[in-house]
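Below you'll find the structure I mean.
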Amino acid sequence: MSPYLFYPLACLTIAGALGVVLNNNPVRSALSLVATLFLLAVYYIALQAHLVAALQIIVYAGAVMVLFLFVITLLNLSPDPADRTSPLFGAAALGSALLLAVVLGRALWATTLPGAANTPLPEGFGTTVVLARQLFSEYLVAFELTSILLLVAVVGAVVLAKRDPSPADMDAPAPGREA
Amino acid sequence: MVTPNHYLALSAVLFAIGSIGVVVRRNLVIIFMSVELMLNAANLAFVAVAYGRGLMSGQSIVFFVMTVAAAEAAVGLAVILAMFRNRQTVNADDIALLRW
Amino acid sequence: MTMHTPAPQEAALVVDYLRYIPLAPLVGVLIHLILGQRAGRAVTNIVACSVVYVSFMLALNAFWSIYTGTPGTVLSDHVYSWISAGEVSVDFSLKVDALSALMCMIVTGVGFLIHVYSTGYMWHDPDYARFFAYLNLFTAAMLLLVLADNLILMFVGWEGVGLCSYLLIGFWYTDMAKASAGKKAFLVNRIGDAAFLIGAFMLFWGLASAGHPGLSFANINANVDALPHALVVGAALLLFVGATGKSAQIPLFVWLPDAMAGPTPVSALIHAATMVTAGIYMVARLNGLYMAAPEAMNVVAVIGATTALMAATIGVAQTDIKKVLAYSTVSQLGYMFLALGVGAFGAAVFHVMTHAFFKALLFLGAGSVIHGLHEEQDIRKMGGLRSKMPHTYWTFAVATLAIAGVPGLSGFFSKDEILAATFDHGNYGLWAMGVMAAGLTAFYMTRLTVLTFFGEFRGGAQAESRIHESPGSMVLPLAVLAVLAAIGGYVGVPHVLGGHNQIGAFLAPVVGHHEFQISAATEYALMAVSVGVAFAGIFFAWRLYRRGPEGDKVLSDWLTGGYEGMAGAYFLDDVYDALVVRPIRRTSEWLWRVFDVEVVDGLANGIASAVTNIGGVWRRWATGNVQHYLLTVLIGVAALVLAVTVRS
Amino acid sequence: MTLPIANIEVLYPLMFACAWGLLVLTVEMFSLSRRFVGIGWLSALGLAAVAGISLSGQGAGEVFAGAVALDAFSVYFYVLLSVLAIFAVFLSMDYVPLAGIIHGEFYPLILFAVAGLLVMVSATDLIVMFLGLETMSMAVYVLAGIRKDELRSNEAALKYFLLGAFASALLLYGIALIYAITGSTVLGSVANAIASTDYLAADSLVLMLGVGMLLAGFAFKIAAVPFHLWTPDVYEGAPTTVSAFMATAVKAGAFAALLRIVLVALAPVMPDLSWLMWVLAASTMTMGNFVALRQTNVKRMLAYSSIAHTGYLLVGVTAATAEAGAAVLYYLAAYGVMNIGAFGVLAALTRRRHALQEISDFAGLGQNRPVLALVMSICMLSLMGMPPLAGFVGKFYLFTAALEAGYTVLVVIAVLNSVVSAAYYLGVLRAMYFQSADAEEYSPRPYLNFAVTAAAAVTVALGLAPSPVMGAASRAFSSIILGP
C-alpha cells in the first residue's frame, strides 16, 4: 500500500475508533465501529488477506454489527448524558491507555520481524485454497472446536435471552422443594 | 514505503483506543463494542505479521478470532439483555449490588 | 562448667504396637462422633476412659521394654511413608526412647486420671459426648506429638493439640469472652507455629543441601555439624519461638491465663500437665541441635528465668483461683526452659514430670473446690473449706507443699536440680532469679491455700450451706495424684543426698548426661538456700493471710494510719509488709496490668487490628463498580508493560 | 490433501466430552422432570467416562497435529477436572431445584465448560488454548447468570463477562505479539524460536510485552492481584455450585494452561520475569488474606480465600522447578477438593429464595447438623493448612520446593500469611461450634450430602496418603518439560 493511501486511511480508522469511544449516541458508536471494520477490511486486502477481508465484511459488518444494532434498538437506547466519567477517573484511564499505546506502538514500530527480510511471499499467499488447506490440516482441531464454541454461544444466548415461562406454567413444585 | 510495522503500530493505537473506551464509557453496549475494537486491533496485528513474514497461519488465526468475537457478541448481548429486563438500565454505574 | 556427654548411638527395636497408642483415643473420638449423645452418659464415660487406659497399658509396655532393655534401646514403628518430596521423605514413623516413654507415661497416666475425674466433673453437663470427643482427640494428638520420630509428624500433633485446646477453651461458649479466649489462644499459638514451621523448613532445606535429607530427630541431632552455624542458630531460635507459643513463655504467654475459661479438667490436662510441656519436650528432643547453638541456648535460659520470675510475681496478686494456678504454670514452665537453656535436659524433663503430678493435682483440686462451691472462682469469697472438703484439702495441701519445694516432696528434687544446674552452669544471675521465683512460688501458693481452706467461709451463709465434697470419681484421681506428687521425686534423688538420680540415668541415652562440677558442699549450700527461701515464702504468706484476704489490705491501712492501736501486735506484719509484700505486690500489679495486659496483649491486639484495618481499607477497592475493576485491570496491564519495558 | 488423523486416539477424551455434551443437551430437551436429577446422573456418568478414557488412552500417540497433546500432564488434569466437575454436578443435583434454576441447559453447559477446560489444559498451540479458554468462558458466563430473575446472578454474569472479554482481548494481543516475534503459536516452536534466535533489543522488547500481556490475561483468570476484583462479586452472585466449579475446576484449568505456557513456551524468558511472579505471588496472597479477614459473607470470604490460594500457587510458579511444578499440580487437586467441600456446605444450607451466606448463618451448625459441620471444619482446617490434611501437605510441598529454589523471603511471607488466614477460617468454626441457634427443617439433600462428605473424605485421604497423587503430579509435570 502506498503511504499516500495508508496515512489518510489510518487517520480515518483512528477517527472511526475514536468515534466508537466518544459518541454519546450508541447508534452512532455502532456505525463508527462498522466504518472502522470496513477500513480494516481494506488493510486486509492490502496485506494479501482476501478471504479474511471478505469474512470481515460478511461476519463482522454483516452479522455481528447487525446484532449490536438490533440490541441497541431493542433496548431503545438513547444518548445518555450521564455517560461521563469523573475527570480523575478519565485521566487515569487516558494515562494508562496512552502509556500502553506509546510503549506498544514504539516497540512495534521499531521491531524487525524475524524472517521478514524481503523474502517474496510464497505461492498462493492469501488465497482461499491455501487458507482452507491450513484450516483443515494443521488447524483442524481449532476449526472443529469453533463449532463447539458457537454451539455453546447459541445455547447460552438462548438460555439468557429467552423469556421464561411464568411460574404458573411450571409443573407443581417437586417433592423436597420448599415453599 | 509502508511496512508491516506501520500496520502493527496502527493496531497498537486502535488497541489502546479500545481500552480507553472499555474503561471510560458507562453504556454497557458501548463498552462491549470497545472490546470488539480491541479484538480487531489484534486481528490487524496477526494479518500484518502474516504478510510481513509470509506465514499463512496468521490469517487462519484471524478466522478463529472472528468466530470468538461472534460468539462473544451473542453471549454478551444476551447477558446485557437479561440485565436490562430486570433493571431497565445499561448504565454500568447502576450495577453495584455486589461489592466489598 | 558443666560436663555434657552426648547421647550414644541408638539401637532400634522394631515393634508394631506403638501405632495403637495414639490410635486408641482416636477410635474413641470416632465412637463419640458416631454415637453422640445417643450412647448415654455411662457408655460415653466408659469408652472415653477405657481408650486412654488402653493407651496407658501400651505405653507402660513400651516403657517397661525401655526400662529393662539395655541403655539406649529404642522402639520404632514405621507405619508408612507419608510425604515424599524428591529424595526426601517424611515418614509416618513412631519412636519410643527413654524420653518419649516417660512423656507417654505422663500423658496417658495423668490423662487417664483426668478422664476419670472428668466423668464426675462433667456429670451435669448436657454436652458430655462432645467434651469427651475433644478430650480423646487431644490425647491422640498429644501422643502423636510425643511419639513422632520426625519434626513434621510432630507438627501434626503440635497443631492438633492446639486445635483441641481451642475447642475446649471455648467449650462453654455461652460466654462470648470464653469463645474469644479460645480464639486468642489459637492465634497466638499459630504465630508460634509459623515460626516452628519456618524453622523446620530451614532445617529441611539445610539438611537436604548438606547431603543428609530428612527431618527425623535422629538425623537432625546427628548431622547438625554439617550445617552452617547461622542456620543452626536460626532454626533453633525459630523452633524456640514455636515452643514459647505452645509453652506460654515471654512473649507469647498471654493466652494461657485467658485459657482458664475452659472446664477445669481441661486446664489440668492441657494447660498444666501435657500440652504446655510440648515446647520443653521438643527442645529436649532436639538436644543435639540446641547444644550446637549456644547462642540459642542462652536465649532459652534467659527467657525461661525471666518468665519464671515474672509470672511468679504476677501470681501474687491474682484473686481467681485458676488464674493463680495459670501464672504458676507459666512460671514453672519458665523453670523448665531455664533448665533446658543451661543444658540440663534431664532436669527439665524431671520437672515436667513432677509438675504434671502436682499441677494437675492443684487444678483438679481447684476444680473440686469450684465444683463444690457451684462455680465460684474468687478466692476472696472462699475460706474455711478445710472441714467441708477434707479430701480436697489434704490433697491440695500436699500439692502446695510439693510445688513450694518442701524437702522430701517431688517438687523439691526437680526444682533443686534445676537450680543446682543453673548455678553449676555459671549463670549466677539466672540462679538468683530462679531462687527469687521459688520464694514467690511458695508465697503465692501458701496464700492461695490459706485463703481457700483456712479461716472462715466468706461467701455468705446461703452458699455455705450448699458446699459439698466432690464425688468419688473426682476424689480418687486426687488421691492418686497426691501420692505421686508426694513421692514422685524419689526417682531423681541427687547423689549428694545418697540417691542415684535414676531418672537422669534413664534419660541419659537420649538427652546426654549432665555431671555437676560443683562440690558437694556447694550443692548442700544451694539446697539450703532454696529450702530457706521456700520456708520463708510459706511463713510470710501464712502470717499475712491466715486471717483472710485482709492481708492484701494491711499495707494500705498501715499507710493511712488506721492501724494505730494494733501497731504493736502487727508490728511484725508491718515489717514484712514494708519490706517484702509491698514491693512484690506493687511489681506484681504493675507487671500484670502494664506488661501483660497492656504491652504484650496490646501488641498482639494492635497487630491484629492493624491487619484487619488494612484488610478493611483494601476491601474498599472492590467498589462493586465494574468500571473501577476495568480501570484497575488497565492500570495493572500498563504497569506490567512498563515494568517489562524498563527491565529489558 | 491429507487429514492428520494418524493418531486420532489423542482426541478421544475431548471428542467424547463434546459428544456427551451434545447428547445431554438433546436428552435434556425431552426431560419431563424439572428437577433434572436424571440429567445430572447422565452428566456425571459422561464425566466419569472422560476420566476413564483419558486414563486408558495415555501414550497412544502424544500429539495431534501440534495442537493437542495427551501427555501425562493432560491426563492428570483430565482426571482432576472430571472429578471436580462430577463433584459440582452432584452438588447441583440438589442445588438446582433448591435455587429455582429452571433451565436444564445447566448440565450441558457444565459439560461444555469442562470440554473447554480439557482443551485448555492439553493444548500445545496458543490459539487452540485460547479457543478452549473462550469455550469454557462462554459456558461459565451463562452459568453465572443462569438465575435470570436474580439481580445478583445477572450482575455476576455481567461483571464476569465484561472483565473476561477485556482480559481475553489482552491475552489475544499478547499472543499476537509473541506470534510476531516467533512466527508461530505452537508452544514448542515458540520455545525453539526464542531459544535459538539472537534477538535485536527491539524484538526482545516486543516479545516481553507480549509475555506481559499474556500473563495479565492469565492473571485475570486465576484471580491474581490486581486482576482479581471480579472474583468476590462473581462468586457471590453466581449460583453456589457454579462458584464452586469456578473456584476449583476453572482455576485448575487456568493454572494448567499457565504452567504449560510459562514452563514450556516461555521457559527461556521466565528467569527474567521471576521477580514479576514474585511480586504477583506476594501481593496476591497478602491481599486475599487481609481482605478475607473483613468479610462476613462466607461466599465472599471463600472468594478472597481463593485469591489467597492463587498467591500460594504462584509461589510454586515463581520457583519454576520440577518439584515446585509438581507441588502446584498436587495443590490444585487438594485445593479443588477442599474448596468444593466448603462451597458444597454453603450450597447445602441454601433455602429457596434466600441466600444463606453470612457467617452468622452457620451458628449452631455443630449442634443441629453435626455431619455438615464436621465436613465444613475439615475443609476450613485444610484450607488453613492444618496437618495432616491435604492443604498442609500441599503447602509443605510448595514451600519446601520454593525454599530449595532459593525464595526464602517469599516462603516466610507465605507462612505468615497462612497464620493470618487462620483467623477468618476460624470464624466459621467458631460460629458452628461456639454459637447456638434453633434447628431448621431442611428437605433431604442426598446428593449434596454425599458429595460434601466425599469431598471431606478425599481431603483427609489426600493428606494422609499424598504419595499416589503426588507421584502422578511429578510424572505429569515432567512430561511437559522439554527434554534436553
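The letters A, B, C and D name the chains in turn, as written, and every chain counts its residues from 1.
Note that contacts are C-beta pairs under 8 Å (C-beta built on N, C-alpha and C of every residue); 3 or more make two chains touch, one makes a residue touch a chain.
Bear in mind that the values here come from a model prediction, so they are computed numbers and not experimental data.
Peer 1: Could you see whether B-D or A-C has the larger number of C-beta contact pairs?
Peer 2: More contacting C-beta pairs are found at B-D.
Peer 1: Cα centroid separation between chain B and chain D, in whole Å?
Peer 2: 26
Peer 1: Would you kindly tell me how far, in whole Å, the mean C-alpha position of chain C lies from that of chain A?
Peer 2: 68
Peer 1: Approximately how many whole Å separate the CA-defined centres of chain B and chain C?
Peer 2: Averaging C-alpha atoms per chain gives centres 64 Å apart.
Peer 1: In whole angstrom, how far does the Cα centroid of chain A sit from the Cα centroid of chain B?
Peer 2: One centre to the other, that is 5 Å.
Peer 1: Do you know which chain D residues sit against two or more other chains?
Peer 2: In chain D, residues 127, 131, 134, 138, 141-142, 145, 148-149, 157-159, 162, 166, 170, 177, 180, 183, 205, 209, 232-233 touch at least two other chains, as defined above.
Peer 1: Which residue numbers or ranges of chain B touch two or more of the other chains?
Peer 2: 8, 11, 15, 18-19, 22-24, 26, 31-32, 45, 49, 53, 57, 64, 68, 71-72, 75, 78-80, 82, 93, 95, 97-100
Peer 1: Listing for chain A: what residues touch at least two other chains?
Peer 2: Correct list: 85, 89, 93, 96-97, 100, 103-104, 107-108, 110-111, 113-115, 138-139, 142, 146, 149, 152-153, 156, 159-160.
Peer 1: Once you've mapped the touching chain pairs, tell me: line, ring, star, complete or other?
Peer 2: Per interface graph, the chains form a complete graph.
Peer 1: For the complex, give me every residue of chain D touching chain B.
Peer 2: Per the stated touch rule, the residues are 127, 130-131, 134, 138, 141-142, 145, 148-149, 151-152, 154-159, 161-162, 165-166, 168-170, 172-173, 175-177, 179-180, 183-185, 232-234, 236-237, 300.
Peer 1: Spell out the part of chain B that touches chain C in their complex, as residue ranges.
Peer 2: 19, 22-24, 26, 31, 92-93, 95-100
Peer 1: Quick check: in the complex, which residue numbers of chain C touch chain D?
Peer 2: 33, 36, 80-86, 90, 130, 152, 155-156, 159-160, 163, 166-167, 170, 173-174, 179, 182-183, 186-187, 190-191, 193-194, 197-198, 201-202, 204-205, 208, 608, 611-612, 614-616, 618-619, 621-622, 624, 626, 628-630, 632-633, 635-637, 640-641, 643-645, 647-648
Peer 1: Note which residues of chain D are touching chain A in the complex, please.
Peer 2: 1-4, 11, 18, 21-22, 25, 33-35, 64-68, 97-98, 102-103, 105, 108-109, 112, 115-116, 119, 125, 127-128, 131-132, 134-135, 138-139, 141-142, 145-146, 148-149, 157, 177, 180-183, 193, 197, 199-200, 202-203, 205-206, 209, 351-352, 443-445
Peer 1: Which residues of chain B touch chain A in the complex?
Peer 2: Residue positions touching the partner: 1-2, 4-21, 23-27, 29-30, 32-34, 36-37, 40, 43-45, 47-54, 56-57, 59-60, 62-64, 66-75, 77-82, 84, 90-91, 93.
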